[in-house]
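Look for subunit A in each of the two complexes below; its partner is subunit B in the first and subunit C in the second.
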Partner chain A sequence: MLPWRVSRWAMQLSLQVACPPGALVAGKSGAGARSPSMLVPWPPSLRGSSSLPTGAPEVALTAERYPVQRLPFSEVTEEDLAAFEHMLPGRVITDPEVLAAVNVDWLRSVRGCSRVLLRPRTTEEVSRILRHCHQRNLAVSPQGGNTGMVGGSVPVFDEIILSTALMNRILSFHDVSGTLVCQAGCVLEQLGRHVEERGFIMPLDLGAKGSCHIGGNVATNAGGLRFLRYGSLRGTVLGLEVVLADGSVLSGLSSLRKDNTGYDLKQLFIGSEGTLGVVTAVSIACVPRPQAVNVAFLGLMPGHAGCPGFQEVLQTFRFCKAQLGEILSAFEFLDAECMQLVGRHLGLSCPVRGSPFYVLVETAGSSVAHDSEKLTAFLEQALSSGLLTDGTVATEQRRVQALWALRERITEALSRDGYVYKYDLSLPLEQLYHLVPDLRARLGPRARHVVGYGHLGDGNLHLNVTAEAYSAELCAALEPYVYEWTAARRGSVSAEHGLGFRKKDVIGYSKPPAALELMRQLKGLLDPKGILNPYKTLPTRA
Partner chain B sequence: MLPWRVSRWAMQLSLQVACPPGALVAGKSGAGARSPSMLVPWPPSLRGSSSLPTGAPEVALTAERYPVQRLPFSEVTEEDLAAFEHMLPGRVITDPEVLAAVNVDWLRSVRGCSRVLLRPRTTEEVSRILRHCHQRNLAVSPQGGNTGMVGGSVPVFDEIILSTALMNRILSFHDVSGTLVCQAGCVLEQLGRHVEERGFIMPLDLGAKGSCHIGGNVATNAGGLRFLRYGSLRGTVLGLEVVLADGSVLSGLSSLRKDNTGYDLKQLFIGSEGTLGVVTAVSIACVPRPQAVNVAFLGLMPGHAGCPGFQEVLQTFRFCKAQLGEILSAFEFLDAECMQLVGRHLGLSCPVRGSPFYVLVETAGSSVAHDSEKLTAFLEQALSSGLLTDGTVATEQRRVQALWALRERITEALSRDGYVYKYDLSLPLEQLYHLVPDLRARLGPRARHVVGYGHLGDGNLHLNVTAEAYSAELCAALEPYVYEWTAARRGSVSAEHGLGFRKKDVIGYSKPPAALELMRQLKGLLDPKGILNPYKTLPTRA
Partner chain C sequence: MAELRALVAVKRVIDFAVKIRVKPDKTGVVTDGVKHSMNPFCEIAVEEAVRLKEKKLVKEVVAVSCGPTQCQETIRTALAMGADRGIHVEVPAAEADRLGPLQVARVLAKLAEKEKVDLVLLGKQAIDDDCNQTGQMTAGLLDWPQGTFASQLTVEGDKLKVEREIDGGLETLRLKLPAVVTTDLRLNEPRYATLPNIMKAKKKKIEVIKAGDLGVDLTSKISVVSVEDPPQRTAGVKVETTEDLVAKLKEIGRI
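So, the complex of A and B:
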């Protein structure tokens, strides 16, 4: 593909992806369309072994790899199983093969040894389960789509796995206000299809949408690809139904945009990773489906400053905000090494080459003509300012999806590259990428790849380091270095992934002791026996 | 003014308000410009007696009008005053004249009898004050701009008034991200000016902006006029610094858009009305200043359905959302009786007449030309559908402000009409207005006026009933009727005003007992002695 000329832009704004159909996405998963993404094997562990690298080693038991001690919870007895079977006939799973899958996170980084999986269908069943567990002092690990990044959704030891998979009913949708009320186990992508047919879209979107559950999204305060435009779940979630640790039900499935009657209790559960209560149903404000969607995939010119090309990314973002204004719906970036891995492991080829950075700019608006004009103005400005090497624009849905796949499937490509050390950082925009070259120099050949990508518009870097296998030595070179680097810049050591099991001990890099103490008090208030998702979110006491 | 014709619209989209300059706004307060609104006497009680109706009666002491008993807090002694004077030299106010003003809410509906006002400048001073009060079991009533609607910001008995008025420093502003960090006592309008000069606007706006403090906005989770576009403070507030009841400081002035490290503690304090902690500083995400703002003020055709004209309001809203999409920034409505009161008490004249309802539609976008085209398309559709009787459009700032004054100053007009029974309800859109005619029939001549207006786009009705003076009999005709009506429709009995003192006992109409119990537990956890804003938010135990 030849570099663009400004003159081409005016005529070719609705240019499709220039490579032939199918060329962008190869491999057995087919078209790799963004939606439906059922064809995209995410997370691999849920899609069968064909998605895993051949010869993938058995995942080490969490209890063996990490210095963690089982707390004095009861063990599940035959009487407990009989009680559960009475509550959930035929939905108490003890089959070792099924349990093997749900004991491991999809990143294959942690593994528990639970001996029972419960699959309730109703809030009342969840309530009965928790009442029993509370009385018996049995620990519970709630599990949605098991697509988390921090080992929060699988047991650490023998906690009972409480799956929301069968709680997948849509309860109501109001097609004027766009309010959706549904059970926690609804898969995000299926919800998206439901509301799209009615003129709306979900206010959040993420790579794992084909597997993740809305309850899990809420419990982890998922950010994702639409955060820039539609904001946080803390604003878009209108109400929750939650079962507390003792089995009592907190009903708050409000459909109101505004409600200032007392403390906003739902906020306690958003982002608390199942440690304060189990989300059983969600009321969420959907947003009108845009009439026009454009995606521009752009290669940035290598610059000469500290991080060659990154200043150009930032300047492109500034132009983008100024020219696209209210129609800007995503500004994602990835570095050249990400792009190589996506090509190598997934067979996706990139329509733009030879740049140190690539950005994906999406517009979503209500007028095809206006949005095209705005996008043209932005691209002309970026081109005439010498920021871009090359790029392509798509408006047709399939092409839009193909361009998005290059960004969305990076996680999957990384997981095929070996063991992945994952960091999800919030940092000041100006320094968002600086840690990546710093780490490349620091780690040298010990790392296969050090890559950076993420939601630039939200100040959110996904920093990933791959290696042949887990190594304590490499880990020690990374941690606490990455956390200290982040803390020194007042960043967050978990922007959107949460803390789960694997990050719980680093909370202190982003939160002061007084905050941590108050969090412990909240946990003690809501779950005095500590049975809900133990060993997660809050650090082990020294 | 003649009714529009579609053909006029295409040519006259940037039509100014048709009446001569100044005609819209009369009276001694001058131009009534929307911004700066320092000229608008809001709240009247802070502007001196000239804003009050002449002969306004003395406000009854809360302790006498309401069935409330003083809790066994200590009384302020000379030793306490000396200790405070040592902490805040010259800023311990015991002057009865000053205290008279800060003991009464601006609506003149409640009055406390505090004997001391403290005016700290720093978080450290607030911390020292609360540490002392906690040790001494002295109750504290935090006060920002004292512009609340529910008696939440003045003492009920002799609580110490802790004012944020001198905590008015802007701490930082980042002109790429738009993150503002400031002390709690900054006045919203002044913050608006600061960020507007730097290319941003505040994500919230409300009629009281000339007096209200950002800390109070956060503490009450203020909604206001930009909620439809920029959402809730729960999404736009990035961080808080809060002093807890025992004087300890919870530092969380993050500037990060995303941070999932543990429970989001700031959410506890947003909307908790000073009962869980005192907000001392705020980090908030401002939004880019729109390049183009249009306001259309429209008269609706009287229809024939249950509420004549209201179906037309709803249909206009539907067209608005479809045609204006992402540039729609406000959709406010008011009924004919509101308009009469604004004319009678404030001397404002309306450019549109003779309709049962009026709507104010605002667009805010990044392109003058595109926004005009979208607005034209909407107006043509609404006109050709026979929804509108008349209307006017403004783009020039002064005219925009004049049209906004018609909506923003309704509260003020009502306060001059006599005693006001105020209800702030969230209701399903379809039934948003039905309670107003229902109440007119129910109350008959006992009420001077029953009016409805508000943020239609957010499903938020401000229902106001005026009468010559407070009367227990009229109150009994209104309550619990209004609350039961609202609860039967699963609405909220306080959409955005909070509960404060006057609404605390009606929380049960919108929240179940389990939620209320958890709120009490949270209060007990964070403020075990109950010294922070007692008698507010949570109901008195039976």
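So, the complex of A and C:
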């Protein structure tokens, strides 16, 4: 799985190798290259690679673009490499071509200069690696599918990359309880297929499912498209096996639904973004596969006051909850510009008449007749109250996937539109969209597109701004404005993407100083040398 | 001024996105609890018929399907796309397994005459059996001209111009109506049924009849002996040099 993916990225980057800190990097920063191939499915999947764009701009080294100082960790020596080779024969990679790929994140916004990639297969190997790094004071950057949105999955400097790519075994699946136990490097989509064959589905689903690892999902407390129905990983993860900074293994891989014996330590590691420990195995509660899945894609009437059309979205949501009740499994929205972008960059046609907002409603239940009846009642109500311009319903898998693609592939379409500034915010529902027209007015022609879409049911807006290329001036117009706007409404400046590297300094907009202090203390307790994923998640102490 | 009437045949098949599993007793594939939908080529046929109606070249579009009760869902989809009414030729589930192209063609031929249609539209083949025979047999039984693998369809008075996709490229035929046309992939992109039409479709009529009412005999002279998975592909062997390649080929007796 890894080799082809590496080669695709390697083709798109010029082969910049081990860069000593302070070296100058030629070329413009930012991910502006518009890939010529329109047919690359999201996420980069096993089917073919896009053709090489000539002269793809390099990604600037994080060390160059951002004001970061390398902390006094040791540097990797020949002895270290020999020690690793002894622990993981044949799986210590120093090939510059391979390293070039794993040093850059999916968004092509940050780039480290690690020279070593380690691919352990077992928890024992991870433990040995960390014990060595702890003794030698070597920094480590754990990496799963490298699909994170905040630059948390690649090194900032020369941290050793610890990849879970080869830790992809499913350990057990219990088909009455639906409990799945697997290693952290299992790809989410493959886990999904495995449990689907046995009548279950994974309790989370995201656009990156073809590449992301379950360990990474846990480490980032990924939300996704099924959050509305099945809740957070904090509820569905039953147990974790974690290797701590000093190499000791914390084995909490339970399959119990209820266990109130002592403090729930796994909650510390869920969402800790690889800074408190490395997740090596996960026990998760899967849910029965629904017999009846319906997707309705609706175009909403333009409204009058405030945000034209958004009130209609909220009203539709209210009807949905009332009429569909427990069978509602997803409620996503997107604006007209998102639809234009997926049309232009991915060739996806809009199935309904042009509208200012579109809503995707998914129902999932155990009875076809029961769900159809409820869905029909909801649609009739929405139609007759004049909320909808148009809509379509699908039950066939092919059509369902096609409708979901309109929502799931927006990220891909945006990345082809130019450089993308991404914001992932939790806001009060009534004001969820207001920031978008506000920014459009504020940025004017400096931005190509300002779009809003997201998990309306969870109060989560994905706000994206595209421009020709990265510009410090545009960035300054956006930040801290977006964060202050959010903080003023007591929202979250990172609803589900986490803090990683790119948002490590904004925690203050959503958490009070006392909370941050306690977090630092916990970090100091679990990783006193600070070798796990340094420079990320928490702000550097001044 | 066309008063043409069109009969569109639609088949309910296992959804294209579903992973097919063979029954352990090898008598067929697992269909219980498996997602079904309209055959993609039949969707294209319905779409073409509805477009002809929108261009006022066809007056009425009748959708027909042969099989058990669930076929009515497929007919409803056709109605939601714009067909005017439906006919369900009811065949009990056990017998439906043995329905082949010849049996369906007999039904369609009888219906075409009974309903006095000018055009019978079908998908070129079904994605479950890949037979690609029903349209051709129907035309044969009716002794009507046929335009198969249609990638373009134009009505010219009492004639039909059909552009066909063939191995060598494209062939254009002119057929005298009434005629049978089977649709290929590039003919059109089927529409999504929109809500108002889905609601309207619930009120459209679906007539339920039996094959016997049409005087059609559904007995088949074909019986399925067994259904099996294709053999597992064994892994290939990589070699480093041409010498190795030659040696390996000799080893397995290929040269």
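As a convention for this text, the second predicted complex is superposed on the first by the 487 of 542 C-alpha atoms of A that agree within 3 Å, B and C clash if a C-alpha of one lies under 4 Å from a C-alpha of the other, contacts with A are read in each partner's own complex, and residues count from 1 in each chain.
To be clear about the criterion, contacts are C-beta pairs under 8 Å (C-beta built on N, C-alpha and C of every residue); 3 or more make two chains touch, one makes a residue touch a chain.
Keep in mind it's a predicted model, so treat the numbers as computed, not measured.
Chemist: Which partner does A:E75 contact after superposing on A: first (subunit B), second (subunit C), both, neither?
Modeler: neither
Chemist: Check whether A:Q401 is in contact with subunit B, with subunit C, with both or with neither, and answer first, second, both or neither.
Modeler: Only subunit C; A:Q401 stays clear of subunit B.
Chemist: Please determine whether it is subunit B or subunit C that touches the greater number of subunit A residues.
Modeler: Larger number of subunit A residues touched: B.
Chemist: According to the stated criteria, A:E468 is in contact with first (subunit B), second (subunit C), both, or neither; which is it?
Modeler: After superposition on chain A, A:E468 lies in contact with neither partner.
Chemist: Per the contact definition in the header, classify A:D175: touching subunit B only (first), subunit C only (second), both, or neither.
Modeler: It touches nothing on subunit B or subunit C.
Chemist: Does subunit B (first) or subunit C (second) touch A:V352, or do both, or does neither?
Modeler: Touch status of A:V352: second partner only.
Chemist: After the superposition on A, what does A:G365 contact: first (subunit B), second (subunit C), both or neither?
Modeler: first
Chemist: Pick one for A:E380: touches subunit B only (first), subunit C only (second), both, or neither.
Modeler: A:E380: touches subunit C, not subunit B.
Chemist: Check the residue A:L388 against both partner chains and state whether it touches subunit B (first), subunit C (second), both, or neither.
Modeler: Once the two structures are laid over each other on A, A:L388 reaches subunit C alone.
Chemist: Quick one: classify A:E484 as touching subunit B (first), subunit C (second), both or neither.
Modeler: neither
Chemist: In the superposed view, which residues of subunit A touch subunit B and also subunit C?
Modeler: On subunit A, the residues that contact subunit B in one structure and subunit C in the other are 291.
Chemist: Quick one: in the complex, what on subunit C touches subunit A?
Modeler: Residues 15-18, 33, 35, 37-38, 40, 189, 192-196, 198-199.
Chemist: If you look only at subunit A, which of its residues touch subunit C in the complex?
Modeler: Against subunit C, the touching part of subunit A is residues 291, 297-298, 349, 351-352, 379-380, 383, 388, 390-399, 401.
Chemist: Mind listing the subunit B positions that touch subunit A in their complex?
Modeler: Touching subunit A: residues 176-177, 220-221, 223, 227, 231-232, 234-236, 248-252, 254-265, 267-268, 270-272, 276, 288, 290-291, 318, 321-327, 364-367, 370, 373-374, 426, 428-430, 455, 458-460, 490-499, 503, 507, 509-512, 514-516, 518-519, 521-522, 525-526, 537-538 of subunit B.
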